[in-house]
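One chain, chain A, links the two complexes that follow: it is found with chain B in the first and with chain C in the second.
And then the complex of A and B:
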């Protein structure tokens, strides 16, 4: 397996991303190591081949965004919008992630070992997010499909205006958003949490999680309501 | 968009290096704020009865050729004040044993286009239009010494690009504030403050927040109480970083719309809008790095 290293203190990020987009697939490079990311934005965005990228340090905004089939591991924290709009593959943040982690993801697995900021999984359209720590307010806002496992606590308005995404929370939920409700865990839910925790490499008892899903009362316009929302 | 930086050194031996450590932080926020930059540095406080006033002549006709020596003579002649004026182009720091308010009133009447940047026993303030690198070079930021500082790079959204609308804003003594974001109720806050005799110098939304918080402090609130009242009174998007003679304080709006990241070591606490501005600090790889939570108060003592 060919392995390449890029030191972002020496090489412009554009060169690294061009390599990942053009050369890595054609040359069969399967592993790329990025050092000194120093908070640069857009590291390893738009991957379109099964390359494995390691980022050693703190990443800036949108790291691993739009990922398709790649694997991105950040040994540090991630700024706003890590793995936003991921299609498939895996993004793993070993530290904490800022706001909007996994926003609008369609597929793949996002693992955050630490806490995630506000709006984690906003407008989730598919795929899975596993957060080892807590998530901030407005997480899973308008999440349409996919699954989120939150091992810590959730902030205000969790799952506001949820569609068909399902959330599993181990800790406290500060407040649920409109139309989100806590539902009983079924055997299938237990199996799902077990599978996702295993995929993320986290060890918790799946029975400790609560299921949050949509009450679906916002799905249809209620003309008889007094319109005081 | 704007950039915020703050730095507090914990060891007195690092105080001479404060400016040198901060300049790359400020320049690192150029993409977030390319049109103006500024900073307030807090030094060892002067004696109880002494004050320093930072002045800016860039909006006068004379600009950088302003006759600072002449200002010193005038102060002696009209007010009988022996002031030391240390000038650098369009910027000067006036130091004297004075009651500051009458002196400031006299300056405003005599030299209405001379802009009073700050007043206090510890604060020196610099701000101007230009890129962060240009402003840092213009005022030799890398040579500044002190215990802590608050810096800002501006991308104007709420008011024009002029030196007086750049950040930091100040009110009262030894207090300054920088802002990333935009307030939705600055005019309401102004209308509430004006009957208390509080005067505004610009139409900038940040000035409303600065004067509100300084008003609360002057009314006797401690910093934490003032900030709590700020959460209630100020609406909109904000990350605020504030400096007092012995403290740095940070708050973010409940939606955390504007970013902030903190790095702390045994030597310093550094705050920036993004990690990019912290990446080159000494021993950063071993720093504790965290993102401040929304609607929480973070206060560090110098």
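And then the complex of A and C:
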């Protein structure tokens, strides 16, 4: 297995990303290490092969964005939109994640060991997000499909305007958004949480989680609906 | 009054200006349903538009070109600022973004076929890219919308350009809608939604806020495509001068400005008619912004919203646009609002289907219902057969060719060997409003309201 290392203090980002898109698949490079990211934006966006990328340091916006089949591990914190629109593969943030983590993801697994900022899992369309810490307000806003496991607390308006995504929260929920409701945990839910915690490498009792899903009352126009939300 | 005197008979019935029949209808509907009206098409109200400008053809002070024989180039290049592979078009008239979902797959294919034949581009819409449109379109612009429905990096890689959609002229500040009857199983699957629900698209992008973030988002698209593809930024016309400047700041190769006459498949009427500014006002603000930044010619400008004819195209270009984009006019060329549809070699009357929707040919704006009598804005398996890709493509090709011939006719009359040489100096206004908005002189004077004294 060929392994490549790029020092972002020396090499322009464009070169690294072009390598990941073109040379990594054609040369069969399976592991790429990026050092000195220094908060650079758009590291390892658009992966399209099963390459393993390690980022040693903090990443800026959209790290691992639109990933397909790749694995990105950030040994540090990530800026806005980490793993946004991921299709498949895995992105793991060892530190904290900023706003819009996993925004509009379609597939794959996003793991955040620390806390995530506002709008984590906004517009989620599939895949799984596991957050070891807490998430900020408006997380899972308009989330359409997929699953989120939040081991800490959730901020205001969790799951506002939810469609078919399902959220599991271990800690306190400051408030639920419009049309989101707490539902009983079934055996299938407990198995799901157990499976996702295992995939993320986190140790918690799945029975400690609450299930949040859509009441589906906003699916059709309704003149008599209470519009005070 | 004595008993044998007749009371005076009124000669006229006076309708209230403020409470005319349209307003009475509106209030009755609101009272009956408790919901606002949602409809298709763009603004219907009378607005200052390109009809209010005329060209100063060549005479003694300018030298015209021979109408048909002398060369007049229409070649248009978009995306020269940063992209390694700019878009090269044979004509400056492109097809605007319209979604599969609002339109049938047959229509998307027809648009692609016609555009490819005349050498121009088509654009995807909310809901992602269909196979039909990718295969039929030589040049396809892929929209990245707030909803991100069906947004797929593989499609980004398959596209020829990316358009970041901030807003739309019909509803600047609002997201799209697709009512349940059009959310068919295929549409629902593409958008990851349950079939049959009333779908409301987001009005803000999920992963960025503001122009500084947008710059990073555009950078992401460039990194993802290895800086090959042009990035457009589309804004609905409101504070156009500032918005165009911010789009340029964010790194756009091309800015698309959509005025309030721009169409929609389903939007609240209050939005369509009362939010945004006319295309005529927007185009001047957009050009001013580019000139102010010394970016004219470096960042290209596409103007859309109510472009219907060759003269409209010529006037937009003379005002400073590099190209135009057409949605509604294209649908009308395909048969929108016609009284019949053409299938199996014959015309079939559709007026009864219009009547069933409570409308008539020429007045229809019922795109949101999915029951388009001519099979354009529908997902219905029976209705969509009323427009075949072959017939649609032929009509659309004719329409685009006509516009282009009109455009070159006007350009030659103004003495231009290239349609992009048309300039503001070639235009004058017929109305005070148009003179003020476009900032060209009122015909026969050198008066530009707000700029020069009379």
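Just so it is clear, the second predicted complex is superposed on the first by the 223 of 229 C-alpha atoms of A that agree within 3 Å, B and C clash if a C-alpha of one lies under 4 Å from a C-alpha of the other, contacts with A are read in each partner's own complex, and residues count from 1 in each chain.
Here is the rule we go by: contacts are C-beta pairs under 8 Å (C-beta built on N, C-alpha and C of every residue); 3 or more make two chains touch, one makes a residue touch a chain.
This structure is a prediction, so every number in the text was calculated from the model and none was measured.
Of the two partner chains placed by the overlay, only chain B lies in contact with A:58; chain C stays clear of it.
Legend: residue contacts after superposition of the two complexes on their common chain; A:137 is shown touching chain B, with no touch to chain C.
By the document's definition of touching, of the two partners only chain B reaches A:39; chain C does not. In the superposed model, A:48 lies in contact with chain C only, and not with chain B. Touched residues of chain A, counted separately for chain B and chain C, are more numerous for C.
Of the two partner chains, neither chain B nor chain C is touched by A:192. Touch criterion met: A:77 reaches chain B, while chain C stays clear of it. Overlap of the chain B and chain C interfaces on chain A: residues 60-61, 80. Across the complex, chain B meets chain A through its residues 254-256, 259, 261, 274-280, 285, 289-291, 293-294. Residues 33-35, 147-149, 151-154, 156-157, 179-180, 191-194, 197-198, 202, 206-208, 213, 216-217, 219-220, 223-227 of chain C are the ones that touch chain A when the two sit in their complex. Chain A meets chain B in the complex at residues 36, 38-40, 57-58, 60-61, 77, 79-80, 95-96, 98-99, 117-118, 136-138.
On the side of chain A, the complex with chain C involves touching residues 13-14, 17-18, 21-22, 41-42, 45-46, 48, 60-62, 65-66, 68, 80-81, 84-85, 87, 100, 103-104, 106, 119, 122-123, 125-126, 141-142, 144-145, 163-164, 219-221, 223-224.
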